[in-house]
């Protein structure tokens, strides 16, 4: 085997690496210690254009056959350096990166140890790279259909952007109507736009667009495949209504005799029928029968909806339907859940009648809500004379959620405004820790509330109680907090308390990540590819995220992310083909004994078994290169491209360069 | 069931009624208590305010003896004793330095304690969790029908929660459930876990009396016949200082303060004598006459008005 | 992470408070000044400074004012603050540390907290000499020192009732292993009262 000519480049990364690792020592040592190294340099910023040119020139002038860059994580710049190699005519899989930043200089302050480790890592990379073979990326076609999961404002935006650009979209929504949380709101901050007025036109467009297939009251059951080629199974839950016949007249809903508390759209503040549409402007307009509470499904009686329907659209025998679709990309826009304030017993939610959650209050002030927009106490009749709004409920609290929910200060101010508007004589108190108003027009909105006469008390509420200590407090809810700007404890008796609960991930977020094979963080929010530079992609190719499912955010940010995800997908569709990493497994079929151990090990279902020849085969396109089958094969005849045994063992021996065999065996 | 038992100074005299009733009731449930031999005062909330290491050493001597007696679990009836023992064990486990120093001090007296050797539990915990509501109900002879009790937990049993409290730190319900199982009508009151003031009576009597007033007022406002408690300090404060509260604020509270073990004993058919009833300064005699042979009438279902908005549902209630 | 532990410079008052609080990191540096502690405290309205204000003062290094404040002495250690603190700061434990530091410094005597520590000191005196607490003795000595007239009120008020009901010892009890206990306490004091 002719000797390879390896170029080693040790990056300073400013002081990130050079501050701890003696980079020039490492470079010099690499040149002297390893026979294969033809060139060894150190440079301040290898990823810069000058740094890359250094590599390219050396390849051309020195005839390098392999390149090693010792720098940051391959997640950061493997692509960058591979590009440099390709430009100079060297196959990019003849390149290897040694991570001496995240794995070394950022892991310790001990300079000596860090330098030693860097040398070992570089040596390992060199020994590995000489074992590597050239590989070619695999082209994959992108199916032009896109699946969008979640019909809230982020999902609707993404769907419309893609559809208007001429692409076909399947929009799946689990509730009977699209609209999400935004449809529940009355006014939106800071402009006080009517939420329904700005949302319903978009809902209408999404529901009637030629390029959008809307599947409401449906859920994704399984996802298989890879970018450009996802096979998705969607369960269309039985609405008990024939959509071809239904005209949306609403008579069935009127006639239905059973009403239940509406926990979803009315946030528990109002009722809905069992045969219902979540709200009058629902898209699609078809009602749905809640079989769990329906008299017919429970006892066989009633059937009023069926008999009153003028077009015979009620079909009790309708069953769930499963659709299988192929899409190229998926955008998840599944939204958020509101923090359940019952978890904080000292705030009394659920124990005292006149304490309301934020979504309950939203529904109350909504003109189409259970009180037609009147602010009243839980008896439905009495007007409160004083209202307290409690910020940071379940947020910024290590006992519940440590993060700040971003939108609550603004919506709390909005509530204060609505109280002033509808109850001009009422006193309104906002209890806060910090006033967070970072968006456009937000601080000005805060000033408006100051002008309107809101009493702002800087103090996190300790508890809300009805235990009166004197006559002023009888029959009131007493909010106790320290007014930190004065430095005394205050008890403010009010008639109504609104808890500004925080934003949480959906309760089934973890299950969703498992379904789509991407990840979520400890709070359940989906993990983006890069928190600063790529908030809409995930680590799984072809799956994107948008809106509150990625983290708490308001409507403008959700719309922006929805549009961004759509743009990314549109770009992929336009390209038509995507190049996939050739890091895949390959079964030597001559040597395969047909034991099939690998078949069930594959998490991507990428191995097929040929009964006629009694051998297994890896479907290259489905394989994600995880290496499980490679390790599992008892005959050792599955090889992982770019992770062959020779490559991995050389790397290990390279790391152990300074450990003599005697030491190991002793 | 066998447990180590740490009575604490108050159970000897001031809260002897608690002692009596606890022994009577636990015997009925086949619980055997092995008293910590020659136990010393736990220091209450006083020693820890003066000097840290001696305070912890004082407490741990008891833990060491309990461990030597091979008591896997140590039960305390007094809330302060309970918290002190639990905290000492917990912090010794958390801090290597503290553990080392305390054991050095204990060695001077011939003792040694390995944190975690003894599990410290409160009396209410073992009765609620180990004995259980069903077992209690089986032995009831004289249910406390129509007696309105306000269960008062004080502050040191529900809190701090981090060391594995057995009930909610804001709104505990274990004693409520026991009282309900005894047939009594439980009067729920928001200040059930508020502080009685502890030794505040000696620092600033005004502040202390106000704290007691709040609790008495709240229980009275909610129509309780008597307050049921689990801490000797709370019993003493609310009982002995009730007259002072009335004098200072011009109120007329007349709320007897009994221990939850006394209530259990009554329901089990034991005599007032053997349960120490009569030792309380605000006499419980009148309140106990409210106990009726008849169970209370089923509360009429309150129909909410047509316009009323639905309420969120709380699981615990 | 306790910043105090890793620094090379001389410890500040803040560091002292943190280092003297037992059982691991009390997280005092995480205080957001939200006021939940001050809002929850049952004796809060009667304190010189709310616990929150006190923490701001500790941060500012105002050692003298902090140790002369009556705040730690008005703490009834009900733990409401500690369980509600959103940053999980061990507030009650820190207040106990301040009690101990105030006694060591000793300059609380001409402040609003003047006779507060007296009760605790009297209490432990009896514990150290008998191994058990002795309520009558403690009350008597404490009140005689600070407000003797009160003794009359108590004696004729519930004091008499307590005696008649057999709920009060008029003589102290002594444990058998008192010598051993005293040896333990002596050693503990020698080792230094820090965690």
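Order of writing sets the labels: A, B and C. Residues in every chain begin at 1.
The working rule: a residue touches a chain if its C-beta (ideal position, glycine included) is under 8 Å from a C-beta of that chain, and two chains touch if they have at least 3 such contacts.
Note that this is a predicted model, so its numbers are computed, not measured.
Student: By C-alpha centroids, what is the most central chain here?
Tutor: So the chain sitting closest to the middle is A.
Student: Using C-alpha centroids, which chain lies at the maximum separation from subunit C?
Tutor: Result for max centroid distance from subunit C is chain A.
Student: Distance between subunit A and subunit C based on Cα centroids, please, to the nearest Å.
Tutor: That gives a centre separation of 49 Å.
Student: Where the CA atoms of subunit B average out and where those of subunit C average out, how many Å apart are those spots?
Tutor: For subunit B versus subunit C, the centre distance works out to 22 Å.
Student: Spell out, as numbers or ranges, the residues of subunit C touching 2 or more other chains.
Tutor: In subunit C, the residues touching two or more other chains are 80, 83.
Student: Which parts of subunit A, given as residue numbers and ranges, touch two or more other chains?
Tutor: Where subunit A meets two or more other chains at a single residue, that happens at 346, 463.
Student: For subunit B, what residues touch not just one other chain but two or more?
Tutor: Correct list: 170, 214.
Student: Quick check: in the complex, which residue numbers of subunit C touch subunit A?
Tutor: These residues of subunit C touch subunit A: 32-41, 44-45, 49-50, 52-53, 80, 83-84, 86-88.
Student: Would you tell me which residues of subunit A are touching subunit C in their complex?
Tutor: 346, 392, 396-399, 433, 458-463, 480-484, 487-489
Student: Can you list the subunit C residues touching subunit B in their complex?
Tutor: Against subunit B, subunit C makes touches at 20, 22-24, 42-43, 46, 73-74, 76-80, 82-83, 92, 96-97, 99-100, 103, 115-117, 119-121, 123-124, 127, 131-133, 135, 139, 142, 157-158, 161-162, 165-169, 173, 175-177, 180-181, 183-189, 191-195.
Student: If you look only at subunit B, which of its residues touch subunit A in the complex?
Tutor: Those in contact with subunit A are residues 168, 170-171, 189-191, 214, 217-218, 221, 305-314, 317.
Student: Once bound in the complex, which stretches of subunit A touch subunit B?
Tutor: 261, 268-271, 342, 345-346, 349-351, 353, 357, 364, 370-371, 376, 378-381, 463, 465-469
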